[in-house]
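In what follows, structures are represented as structure tokens.
Presented sequentially are two complexes of subunit A, the first with subunit B as partner and the second with subunit C.
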Partner chain A sequence: MIRWLALRGTLLTVFAFLLAPVIIVVADSFNGGPALSFPPTSFTTQWYGLIKPSFFSALYVSLIVASCTALLSVVFGLPAALALSRGRFIGRDAINSILLSPLVVPALVTGVALYQYSLSFWDLTHVALGGTLIGLIVGHLTFGIPFGIRAILVGHARFEPALEEAALNLGATPLQTFWRVTVPILRPSIVAGGVFAFVMSLDDVPIALFMGGGDATTLPVQIFTTVEFDFGGDVMAVSALIVGASAVLMLLLDRLIGLEQLFGARQ
Partner chain B sequence: MSTTDVERIERPGRPWRADPWLWILLPTLAVFGLIFAAPLVDLVLLSFHRMSGPAQVGAAFTLANYRAFVTDPFYLAMLLRTCGLGLLVTLGCLIAGYPVAYYLARTPSRWRGLALFLVIAPLLVSAIVRNIGWFPLLSQSGAVNWVLLKLGLIASPLSLINNFTGVVIGLIHALLPFMILTLTTVIQRIEGDLEEAAANLGAGPLQTFWRVLLPLSLPGVVSGSLLVFAMAISAYTTPAILGGNRVLVMATYIAQQFRTVLNYPAGGTASALLLVFAIVLTVLALQVRTGEERVP
Partner chain C sequence: MIGKGAAVSEVRFVGVEKSYGDQPAVRGIDLTVRPGEFVTLLGPSGCGKTTCLRMVAGFVAPSRGRIIMGGRDITALPPYRRNTGMVFQSYALFPHKTVAENIAFGLRVRRLPRAEREQRIAEVLRLVHLDQFASRYPAQLSGGQRQRVALARAIVIRPEVLLLDEPLAALDLKLREELQVEIKRVQSALKITTLFVTHDQGEALSMSDRVAVMQDGRIVQIDTPEALYERPNCRYVANFVGRTNLLDVVVRERLDGDLVRVELRGASKASFVAAAGPAFEAQVGDRCLLGARPEHFHLGGGRANTMQAKVRSVTYLGSIRYVDTEGPDGENVTVQAQPGEPLPGRGETVTITWRPQACFLIKE
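Then we have the complex of A and B:
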């Protein structure tokens, strides 16, 4: 059983490594000494009062963008997933791979591509995409829709078509069948896809960095550009608040969907 | 394909027409083309032109950008640095991830759920926040240097952040959960009896690992490594923050070309190359995985 002991030691080290940066963010946000110094000299909550208003407006932008991304990802993802799992047309597998391909493309490449595209788009139409909320949502839909499609495809694999046939036989119209049978059955995977798109949208830096700017700056980008220049206790306080919010979100998701299942949809 | 035939036989009432599902797929395909495919094609096309001024792109077609990438020592060094980063991160993830994956796959313990939660949880905490957490730990006056100094292991603080080391540490942290999850599914499929048999026949734990466990889990090791390598060379946020603008890899170079240097064709060329690398590596990883699934 020496083997299990050695394994136990390694496990504890790896878990400490995984959790260290998350825990230290929270601890350091109460550090009264100079930023980034260890050990902390005194306890303070002053950094939380010193958070700049720009972080709150960025949070507002992030939440709007993430909500719209989640909703639209499902709106476009559901019909596509249904068509891909039920249709019988030539090139179905190819279309499937193509629609999921954005998940393979580095987000930075998607970001600069969209940035470049928004410049050409402006030259052509004089409609601004870059630096707007719409631009951010468009950018995040590039990964949101594939996440939506994939989650629903996974859920649909266990779908029992007889239930729809029963509804149709009992006189339901196709539309009624869709809303009252198909959608409720697929709801867990629809929710999982939306939640995933929401979380990934809140997390993204590269795409929001290139599609945003000015009033359309998301919270991660605001943090990113702030630490590029200076690093103060207020950034730690913001980060600690995000850790707190993530922990609440995580517990909720674990209760509602199950984290293992949520990330199973990712593979 | 065979299920399709079965379904068609089962529903003889429906005549075969052009599949209506194609129409339902159309809006999503159109959006996809408009917001993803077109920008990407546009970007790749950029790489076949030269910069004609800041943020300006010349009209003539050229392969000069790609020629520069394979001949110019500056670009070659950057490619090597990017590959080196990917290799170190992959190796780190393998070494730290395998024992955890083994535990998750084999343990009957009631702590398994918690352990799995701890592996997945960091993925749900914003990547930028996790990066920031390394500063109080790794900076000159940070916790790690404080402990090492107190223990007398070092005489002066080590530079662990705002350099290549910081990026390696940050990326191992970011990608470790993916490696663990991939390896866990593979190890779960290996019969535990095989290890017992090896032990009964006199093999020590190390021998069992080298001659039984590792060879059998090799497909998972390979596919997990390819995925982690692809994600490591594609990552931008971590190299940018933990490298402190001093670590030039493909991703940070691309961002620099578009944000400050304004040489769009050069950035487009690096993007096209990174795109190809990422796609090839991921396809290879999936190939290994499905190949392994086909084996009974």
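Then we have the complex of A and C:
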């Protein structure tokens, strides 16, 4: 009984800790009183009407960048993961370790480095990467591709090689085998890798701070700068909308492919 | 009918060798599987039997020699240009496709018209008794049903040769016996050339037209199941196929016909008469092995060969009862008791008798 209570108590504490920021943001977005007073003093939905157009254009940028990052992460990630898990070549282990490094190196460091590169690139070619969508996508691919590769490697560990042999034996060319057998069977981990890359891209601030700006300002950067200079209830409303959208996305993914599959928890 | 239009091809291994680095896996195989024949490659793991099968499928390239199928040299052809049908030990069914879609796969890549495709799928599903399961996914089937789907998927493309890679190894005993009969029935109905790989001698004997026993990358004997069991040509085959008594003897005298008198090499100098096979060319003084199956030995009775032995133990296996005894020179001799015959007690001395025709000689 005590054991049971202790377990429940711990669980509740953890949930409360995790949900506290979400609750405060959502509650404050309906707060009729002065911004950032908790608990809310009166109820209003006016902040949702007062969201500035700059937030919507930033959201648009974020979604474009995140979608492209997710897509390109698996487009590059799938062949790379196949090569890493099946190939036998010199430096395979080294590449495996390097691919982990973006998960170890702070994103801020990557951001500074990318900024340096974009300046050198401008000096060489007079093509601007900083402050463009392309620059942002390139920046986000530095962690998107490793995440894509990781996710597909996890799925590939359970892939049975005889399945491809069966397809070849039945007369499918290597290309047909790839599209009709390999890709469909790896699809859950490919989707997982894409979703990870999408979420990471949407969430990123440090790289977007350095590589973005101007027309290429993402939503997190927009919120960040607004909080600095012009903090109001509309920021809370935007944040609450993001929380809502994330919840809907998670529910959809759970319905479509199952979250256990997505996070590799199911055997 | 499925069999209609199915090519019945001969498969020939010509001096086939395969090494991995300096590790030889197959050391020179010459073998012809005749059109419509069921040939089994039998041997322990690591003897090269699976490598041979995979060379026919095209997954392994021989280091030397050629593989001929239907008169065509296919050694250099990729797997998808060979038209072989393979059944894998792990089933290898596509998990994201239904039974019907799995079977349709080979027909789709061959661009068969939809009507013919569906007709062939329906026929082959009937043939393997899975008509009711067309829209199930592999995960919803039992092991035996999955293996039948794998068989259907392999034969529906009308392959020139059916390749079976230990297809029954993952199944329990009862299912294995059922599927042996099932596979044999389908194979006979289609008269399809079949190469079967197994380490299970029971499967090999019950299903095959001929069995090739392999050891260390070579075929040591290839024969019909009866010949393999009655006249094994070496100690390895005699021990691998069925239970055998092997006694160390020396040839003493050639008698009338193909009869030979042999003598135990031990102190007892007990002598027996054995029928030498047509291939046996023993000279007086040659060392050889006298072999006999437990069921060829009898406890008592008036047969030409007799031997005194002391009972060590009795093994009861239901329909079969083995009496393990110690021969005149301390050798292990196992006798299968006749049905209804009373069993001797431990330590008792028994007289074992057998006919000269019911044993074989192997030159050492």
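The rule is short, and it goes like this: the second predicted complex is superposed on the first by the 244 of 267 C-alpha atoms of A that agree within 3 Å, B and C clash if a C-alpha of one lies under 4 Å from a C-alpha of the other, contacts with A are read in each partner's own complex, and residues count from 1 in each chain.
Just so it is clear, contacts are C-beta pairs under 8 Å (C-beta built on N, C-alpha and C of every residue); 3 or more make two chains touch, one makes a residue touch a chain.
A quick note: this is a predicted structure, and the numbers were derived from the prediction, not measured.
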Review point. In the superposed arrangement, which partner chain does A:V181 touch: subunit B (first), subunit C (second), both, or neither?
Key: second
Check your understanding: Does subunit A have more residues touched by subunit B or by subunit C?
Key -> B
Practice item. Could you say whether A:H126 touches subunit B, subunit C, both of them, or neither, answering first, second, both or neither? Key: neither
Check your understanding: Of the two partner chains, subunit B (first) and subunit C (second), which one does A:V205 touch, if any: first, second, both, or neither?
Key -> first
Point to revise | Touching partner for A:A80 - first (subunit B), second (subunit C), both, neither | key: first
Practice item. Check the residue A:R255 against both partner chains and state whether it touches subunit B (first), subunit C (second), both, or neither. Key: neither
Check your understanding: Of the partners subunit B and subunit C, which touch A:L163 in the superposed model: first, second, both, neither?
Key -> second
Study note, to complete from the structure: As the complex stands, subunit C meets subunit A at residues 57-59, 78-86, 88, 90, 92-96, 105-106, 109-110, 153-154, 157
Review point. For subunit A, which residues are in contact with subunit C within the complex?
Key: 160, 162-163, 165-174, 176, 180-181, 184-185, 187
Practice item. Over in the complex, which subunit A residues touch subunit B? Could you list them? Key: 3, 7, 10-11, 14-15, 17-25, 27-28, 31, 34, 36-39, 76-77, 79-80, 82-84, 86-89, 95, 98-99, 101-102, 104-110, 112-117, 120, 138-139, 141-142, 145, 149, 199, 202-203, 205-206, 209-210, 220, 223-224, 227-228, 231, 235-236, 239, 242-243, 246, 249-250, 253-254, 259-260, 263, 267
Exercise for review: Report the residues of subunit B in contact with subunit A in the complex, numbered from low to high.
Suggested key: 4, 18-19, 21-22, 24-25, 27-29, 31-32, 35-36, 38-40, 42-43, 46, 96-97, 99-100, 102-103, 115-137, 139, 141-143, 145-146, 173, 176-177, 181, 205, 230, 234-237, 240-241, 245, 251, 254-255, 258, 264, 267-268, 271, 274-275, 278-279, 282-283
